[in-house]
Structure formats: C-alpha cells, structure tokens
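Below: a set of structures, written as structure tokens.
Note that chain A is present in both complexes that follow, paired respectively with chain B and with chain C.
After this line comes the complex of A and B, so read on.
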C-alpha cells in the first residue's frame, strides 16, 4: 500500500516525475502518465474515489482554463498547423490546441501526483521522516508540527471574531477604506493571540526537555526498505517508459523539439 | 478539615535567595527580592493577584527565564543544594516539571501517544522502553483509553491530564502547576485536583501550585506563599494562619480569600429580588439547530423577561454558546420561533437588532475594533450619526462608570485583563440595550475583576436590562440569578429558580454541575465529592 511507503522517498517519487513531466510539450506523454497515476492511486491505496474527486474536480476547471488561455495566446514557435477556427482577433491553429491540451494534462498530472502524496501521507510521519532520513534539524520539524496543530483553532477564532465584530456593527461600514480597516481589525487580535500561543508552546516544549539537538531516540523509527526503493523506481521508471513509448509513436516533444 | 501538619524536619528541595526579575530594568522589577524554600514532599500554594508575576516565578525556577525572554534576573536559586546555573541544559527541566494553564497551547504533536513519546525522546529513552512507559503513565492519570486519540479532540480536562502525564514522564522531584484548572469546568477541575492529591501520595513529589483561587486546593496544601502587587512576598504561612491572622493584608492586595475563611459569605446568600414576570422581551418556542446534520439543540422553549437575570448552564458541548448565538441572531435556526418583542428575530433590521441586543464575548480582545478606548466607546454612536458632543458625553459617562477615565487614549490591547473586560462590557452600553448576553464573562478572571464586573452587571439589571449568562460558576447563579436553564444533550433538562435545582442530585451529576459553596457548606466535607464519583 502507498500509505506505508516512507514519506521522504514518496516525496521524491512524486517530485522527480513532476519536474520531468514539465519538460514534455506533447499530449500523449502526460495523458498516459496521468492514467498510470490514477491506476496507482486507486489500485494501491485506500483513497476513496469520492473524496479524491471532491478535491480533483475544481482543478479540472482550472486546467480547462489554462488550456483555453494557452490556446489563444500560444507563442509563434508552437502555433504551427492549419487554422481550425477564429474567435474575434485570435486564430486558433492545431498546434495551439495541442499545446493547450498538453498543458491541461500536465497540470492534471501534478494535481493527481500531489493528491497521491497528500491523501496517503500522515503529516507527523512525513516530518519524522524528514528528520530521520533527510537530516532536517528537529527544531524545524517539531516547529512545523506544533504550528500544524494551530490551524483548526485559528479557523475557529476567526469565526468568533467575525461574530464579535458583527455585534459591534462593523458590517454596517461602507467603502474601500473601511474594508481595509476590517482586514487590519481581524489581523491584530489573530496575530496577538498567535504569537502568545506559539510562545507558550515553545516554553512548554522546552520545559519537557526539548533541546533541539540531533541526538534523540525515536519512538516511530522511520526506515527505508526495499519496497520504498521499488516504489521510487516504478514511479520514475514508468515515466521513462511512457516517454519511450511516445518516442516510438513519434509524439514525444521535449521543450518544443520533436524526435 | 483534614490538613497535614507542616513537617519541619523535611529536607529543603529548592531554595530561592534574594531573587529579583524584570523584563526591562532591575530598577523596577516584577519580582522583588524573593526568598523562600520549598521542602521535599510538601505541597506549597502560591497566591497573588493577576499581574503580580506568579507565572514568571515558575519559569525562573526551572531555569527557562531569563534566557527565553529578554529579561534580567538577580539573586540565586539552588536546587538540591546546587545552583541552577550549574545544571547542564535540559537537566533542570527534568527535575522540575511544569503543567501550564492553557490546555490548547502546550502540545506539539497530534496524538496522545506521540506527545508522550516526544517527552521520552527528549530524554533519550531507548525506543524499546517507550511503549511500556507510555502505558504506565496513562494508567497513572487514568487515561489509558485515549492513547491513540487526537489531542485536539479531547476535552479541556482530558488535555490537562495528558499535559500532566507528559510531565510525569520526566519523573520530576518538583511538580509546578501553573493555574492548571483555570480553563476547566468546575467538575473537571475537582477531578484534576483529586488526581494530583493521589499522585502526590503515591510518588512523594514536592508540588508547587500557582493559583489565584485557593478554595479547592486548601485540603491538600501544607503552606501558602502570597505575592504582593509590588512583587514581594507578603505572607508565607500555614493556610490557617495566612487566612486568619494575615487576612487584612491579603484583602488589601485583592487576593481571593477561600470561601471557608470569607466571613462576608456567612449569611445564607442574598435572595435575588423577584421580578414581575409579566413583560416578556424574548421568547423561544420549539427551537432546533443542527450542525453538519448533527442535532445540537432540540425543542428549546425559553422566555426572557424584562429585568430578569437568567443563567444558561450545562457541561461543555451541551450547546450553551450555540443557544446564545441563536438568541443574538448570529446564526440561523433550523426550525422553531425566536421572537424579540413579538417580532421574529430574522425580521429585525441588523442595526435595530444590535441596539436592542448586546453580546459580551468570552475573550474581550475579540470585540475590539479601534485603536483607542474613546473610539471603542463611540464607534456605535458614530455609525448611527450622533453629534460630537453627544458622543463625548456618552463616552465620559461610560468611562466614569467603568473606571477607565485614565485610559481615554490607550490602545485597548494594552489594557490589563480586568480593564479589557470592563471595556468590552462598556462598548455594549453606548445605547442601553434591552437584553445583554454574556458568554462566560468571569472565566479565568481573578477575584477583583469578577466582583467588579458582577457589581456593574447587577446595576444594569436593576435599571431594567435583562441579563443572560452562560456560565459554569454555580455560586454566581445562586447569588444573582432569578431563573436558570440547564442544557443537557441539546435539550432543556431543567428550568426554574436556582434553589429548585440544588436538590436535584441526579440531574446535577448528569449535567456535570457543582453545587454552590453555600449549599456545599451544609454538607460534610468530602461528601460533595460523591457528586462526581
């Protein structure tokens, strides 16, 4: 299962294909890789399709938007081919359509890859792994973890703040200057409380003997095993495989160069 | 009362000599020339008004201050005969453990198990031993069932027990408790104090408690140290002596005398003047509210009469604050009726509604929206187009009434805790509202602030404003309220006069309410604990 893969290795297995993919400008490569990521996501993890779709769906729209804009504003070097149709002053060529669709598919690939990571990774384990495998200093990792705990309380406080200000009649003010004031009014108490709280947490951590040095024992020993390396090689290897396939079929286009 | 005698032969554990501490300059120190000794196996209670530097002491004792802040210290502190500066970094923290006041901000991990492991990792305990020690300590604080749970989903009382467990893992010689129950409901805080008592018997630790309300700790305290406003020690005695011989000094300093020693409470409480229950300001019929399909409130009926002092009580999560928000029209009901002066609350114009209904939040800072006290007090008037002279007149009246005359142009955020609280109430009174709602306004406030606030609120009530309180403090309910509504599981489990509530043992236990002191006094000490267990 993907959730048992070492988080640091998983992060690499997501990052490397992501970066490599951003170099391919054809449609075929990202399409096949996207399908592959979907197979991995639903075949080898217990992510529910409904939950996944909830996050993925908005990005579909964003990707469509990307594709549309790129199609209209493609740079001359890519906009070859015959003119398909015209909108107002824009001429849309086959080249432009290809580049647009490719960009959309690439962005969907990034989203699918990120979701594969986010939905199968426990934030605590990720931090512990960064500390144990990537030698990130404990001061940073535990700092991030402590900050992570604040998110729900922050949200809750903002809601109370809104209500309290409504009682005072803040909503009845009009105009841009008042709206700007409004932002400042929320940020002062939120910041003041945030600073106070983080100070308290820091002191509480220190008083439990936290010194921030690297030599500490680990309750959850994060290890890198064979299957982690297999996962990494499969994720990267299959990208090369897909690339090779599209090369054979004559689609491959890296940075505007076809082979 | 069953108090342990001061054991004069016990060995000194921690010795403070001529210690001063200041954030800015030692010429005007927060803590001034303190000398005292804590003994082994002794429970010492430190009292002081808010702002007297009580919490600062605890951090000085375990060596985190003055390093962790930009502060200056003079004098010496010895732990087991050794100067605290001679301890290697992190070692002293292990000998002196602290449980802090705020349950929300003393953890850095998500789950209980990981948080406890964090402490063990700091101590470099081998991983193989950790599971065993985590189970042991959870057993000691009676929280075994919560090992895998997420800390932010626990109740306040449970969080404090986990904070205690984490500190116990250090196996400290001295345990410092910095107002550990200030943010807990009364029953949870009694449970916590019992746990401390039991652990002290088993583990023979020294305990240093910092608290502004001594009442519940009295039975287990050997000695009381009182810190004055100027940062010096004004009393250091057995509790019996401190609260009898020194009582005048303590009262002058604004220290909350335990109710057992407070003679002003000896009569059987004032009976609230009955109000003519003929004029209904607000009525609620068959009100229901859901959040995320979860029913929060069901079938609520409630009436607020003119000039009435009404309390809504119940354990955390019973829906008290939600009910208050519904009354104020801040959130929308699912079904039922809320009528203000015979007109559905949803039909009221926002500006009119805010004139009629005031709402004071638990944290006064949330309500501040301007940069000066004067602007706060005139904000509403300005919106409603009052003239400058009218605004001045109103602001001056409120500042006089709430003792804020010397702070006209201070920033609200820079005021003291008590001043902030007073200002937050004053901002609601620029145009006298018909109903004033309060969400636990006395929570975490010290004795003086509470007394002042209640006086002012009572004046308002006498002038015809209806007061609605959400509170955990049954003493307030007993003293001031004409009617009380008990919420349990989202339904009203009791409504009527407070005195009718005090003999409903079963209901009190179910709703986790604690009898007021006046009633408890009549039952034998120890008997009221049965209420909980």
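After this line comes the complex of A and C, so read on.
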C-alpha cells in the first residue's frame, strides 16, 4: 500500500519524475506516464475515486486552457508542420498543437503525482520523516507542525471577524476601493492573531523543555524498508521505461529535438 | 543558520508560510480568472504574470520582520511545502519552485549583509525572486516553447509584478502588522519602537 511508504522516500519518488518530465515535449511520454500514475494510484492505494476526481476535475479545465494558450503562442522552433487553422492573428500548426497537448498532459501528470502523494500521506508523519531521514533540524520541523496546526482555526477566526464586523454595522463592500479596505480589515487582524498564537506556542514549547536538540529520541520511529526503495525505483524506472518506449516508437521529443 | 533563530521566529515563519500558502493557492485561481478574461484580447500569457509577485511575498514579509540570514529562503520553502500538503496542482515540484524563488529573494538580502531593509531593497528582492522563478518556469512549465517576444514581455511584466506585489505590498502588510503591536518581540517591531521613542524624546 502506498500509504505505508516512508513519506520522504515517497516525496522523492514523486519529485524526480516530476522534474524529468519537464524535459519532454511530445504527447506520448506524458500520456503513458499519466496512465501509469493512475494505475499506481487506484491499484495500490485506498484513495477513493470520487474524492480523487473532485480535486482532479478542475485541473482538466486548467490543462485545457494551458494547451490552448501554448498553441497560440508557440515559438518558431517548436511550431513546425503545416498550418491547421487560423484564428484572428494566430496561425496554429500541427507542431504547436502537439506542444500544447504535451504541456497539458504534463501538467496533468504533475497533478496526478501530487494527488498520489497528498492523498496517501499524513502530514505529521511527513514532518517526522523529514526530521529522521532527511536530518532536518527538529526546531524547524516541530515549528512548522505547530504552525500547521493552526490552519483549521483560521476559518473559525474569519467567521468571528465577520460577525464582529456585522454586529458593528460594517456591511459588505462594493467598489474596488472599498474592497481593498475590506481586504485590510480582514487580513491584518487574521495575521496579527496568528502571530500572537505563534509566539504563545513557541513560549509554551520552550517552557516545557523543547530545546531543538538534534540528538533526541523519537516516540514515532520512521524507518526506511526494502519496499520503500522498490517504490522509489519503480516510480523513476518506469519513467525511463516510458521514455525508452517512446524513443523506440520515434515519439520522444526533448526540448524540440526528436530522436 | 538555524541556531541563530529563536523558536518563536521559526514558528512565526511557519505561521506566515501557512497563511500565505492558502493565499498562494487562492491566487492560482485568481490568475486563472484573469487569464480567462484576457484571452479574448490575445493576452492570455499575461494572466498569471500580472499577479506573479504575490508568490514571493512571504519571503519579503518574513525577512522584513525577522531580519536574519536564511529567513527569506526558509519561509518561502515552508509556504511551498504547506501548499503541497494542502494539495497543490503543481505537486511536490512546487517545493523546488519555492527553493528557487526563496533563494532569489535571499540573494539580495545577503548582498546587503542583512543590514538594509529599505523599500528599494525589498523591491529588488522581489525582482530577484521573479528573475530566478522565470528561469525555472522556462524549463519546468515548458515556457521555452513560447515565442521569444512573448517570453521577453512576460519577463518584464513578472519583474514589475515582483517589485510591486512582493516588495511594496509586502512592506505595507508588515508595517500594518507592526502597528498592531504584535511584532514587538521581533526586529521590525523593535525598530518601530525605537523610532517612536526617538520621536517622543
């Protein structure tokens, strides 16, 4: 199961293909890798399709817009091929369409990879693993965790602010000037409260003896096992496999060069 | 570097990182909206560039408040990491974007040896972050496939956005916060306090 993979290793397993994918400008490679990520997501984790789709669906639209924009503004070195159609002052060539679709598929790959990580990873465990495996100082990891804990309270606080404004007769604003004013009225108190809380938490942590020593013991021991390495090599290896496949089929395109 | 930071400064960085991670995610959709609005005019590539400066703002705010080495860099990386935890479309690669943007801003503060925090420096930090993030996006988002004229104009727009939305707005927000008095324990609050005392004397 993906959720039991060590979070740091998982992050690397998703980061490296994400970076390497940016090299390709053909349609085939990101498409096949996207399918592979989908197979991993639904075959080896208990992510529900409904939940996954809810986050993924909006990005289909975003990717479409991205493809459209790239098609219209492709540079000459990428926009080979014959002219497919013209819109206003833009000529869209086959090369431009290919690059556009490739970039859209690539961005969908990023989203799918990111969901594979986010939906199967507990954020506390991720931080603990960053501290134990990547040797991040405890001061930072526990500091970030303390800050992260406040996230849900912001919504509650926003509601309180809104009610406080309402009870004092401050209504919703219309014009741009008033909107800016409203932005200040909400953002400054929200941030100020956050800062107050962060100071309090830091003092509480220190008063209970937290010194941020690197040589500390851990209640939750995060370990790296064989299957973590297998996952890492499968995620990266399959990208190379997909790249090799598209090379064999003559699709592979790296920075506008076909091989 | 880490030993120079007090715990409360680290938690402050992380709180700023958390807050601005949410803001960053919101601006992703605002950028999409602006882009949709600009598309009929043939200006779609500028949709995100106009507001791009907002994605560097946490570096500027944190560095301006805390004024220690590594703060601009770390706060941006924290904001990126929190965005990943919240579920960002850019995925874990966003952490790399954060590292590059943060390093861009940090570079300017390092050049002044962490002594100069005037408006000009802050704007320069925003522009430096814009510069490095632009290079990175040429690669990671495949922007290199766009026409050279578009690349150049979007670059200029991003630089300006970095100076204004990160530099100027970041300074303004920090000062508004300092006025409330919650920053009394940090460098910016102490500076304001000193100024007030001098004026009173």
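Just so we're on the same page, the second predicted complex is superposed on the first by the 255 of 259 C-alpha atoms of A that agree within 3 Å, B and C clash if a C-alpha of one lies under 4 Å from a C-alpha of the other, contacts with A are read in each partner's own complex, and residues count from 1 in each chain.
Just so it is clear, a contact is a pair of C-beta atoms (placed from the backbone, for glycine too) under 8 Å apart; a residue touches a chain by one contact, two chains touch by 3 or more.
Since the structure is predicted, the reported quantities are computational estimates derived from the model, not experimental observations.
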Are chain B and chain C a fit on chain A, or do they clash, once the structures share the same frame? fit
Which partner does A:123 reach: the first (chain B), the second (chain C), both, or neither? both
Pick one for A:70: touches chain B only (first), chain C only (second), both, or neither. second
In the superposed arrangement, does A:183 touch chain B (first), chain C (second), both or neither? neither
Would you check which partner chain A:197 touches, where first means chain B only, second means chain C only, and both and neither mean what they say? both
Check the contacts made with chain A and report whether chain B or chain C touches more of its residues. C
Please work out whether A:14 is in contact with chain B alone, chain C alone, both, or neither, and reply first, second, both or neither. second
Would you sort A:210 into first (chain B), second (chain C), both or neither based on which partner it touches? both
Draw lines from the C-alpha centre of chain A to the C-alpha centres of chain B and chain C: what angle do they form, to the nearest 10°? 70
Is A:139 contacted by the first partner chain B, the second partner chain C, both or neither? second
Of all C-alpha distances between chain B and chain C after superposition, which is the least, in Å? 7
Which parts of chain A are in contact with chain B and also with chain C? 123, 146, 148, 188-189, 192, 197-198, 201-203, 205-206, 210
Using the touch rule from the top, collect the residues of chain A that touch chain C in their complex. 11, 14-15, 18-19, 22, 25, 55, 59, 62, 65, 68-70, 72-76, 78, 88-90, 99, 102-103, 106-107, 110-111, 113-115, 117-119, 123, 126, 137, 139-140, 143-144, 146-148, 150-151, 154, 184, 187-192, 194-199, 201-203, 205-206, 210, 212, 255-256
Mind listing the chain C positions that touch chain A in their complex? 2, 5-8, 10-19, 22, 32, 35-36, 39, 42, 44-45, 74, 78, 81-82, 84-96, 139-142, 144-148, 150-151, 173, 176-177, 180, 182-183, 185
Footprint of chain A on chain B - complex, ascending: 59, 62, 64, 68, 89-90, 93-94, 97-98, 100, 102, 104-111, 113-114, 117-127, 130, 151-152, 163, 166-167, 170, 325, 328, 330, 350-351, 354, 358-359, 361, 363, 365-369, 379-380, 383, 413, 427-428
Using the touch definition from the top, list the residues of chain A that touch chain B in their complex. 123-124, 142, 145-146, 148-149, 152-153, 157, 160-161, 163-173, 185, 188-189, 192-193, 197-198, 200-211, 215-221
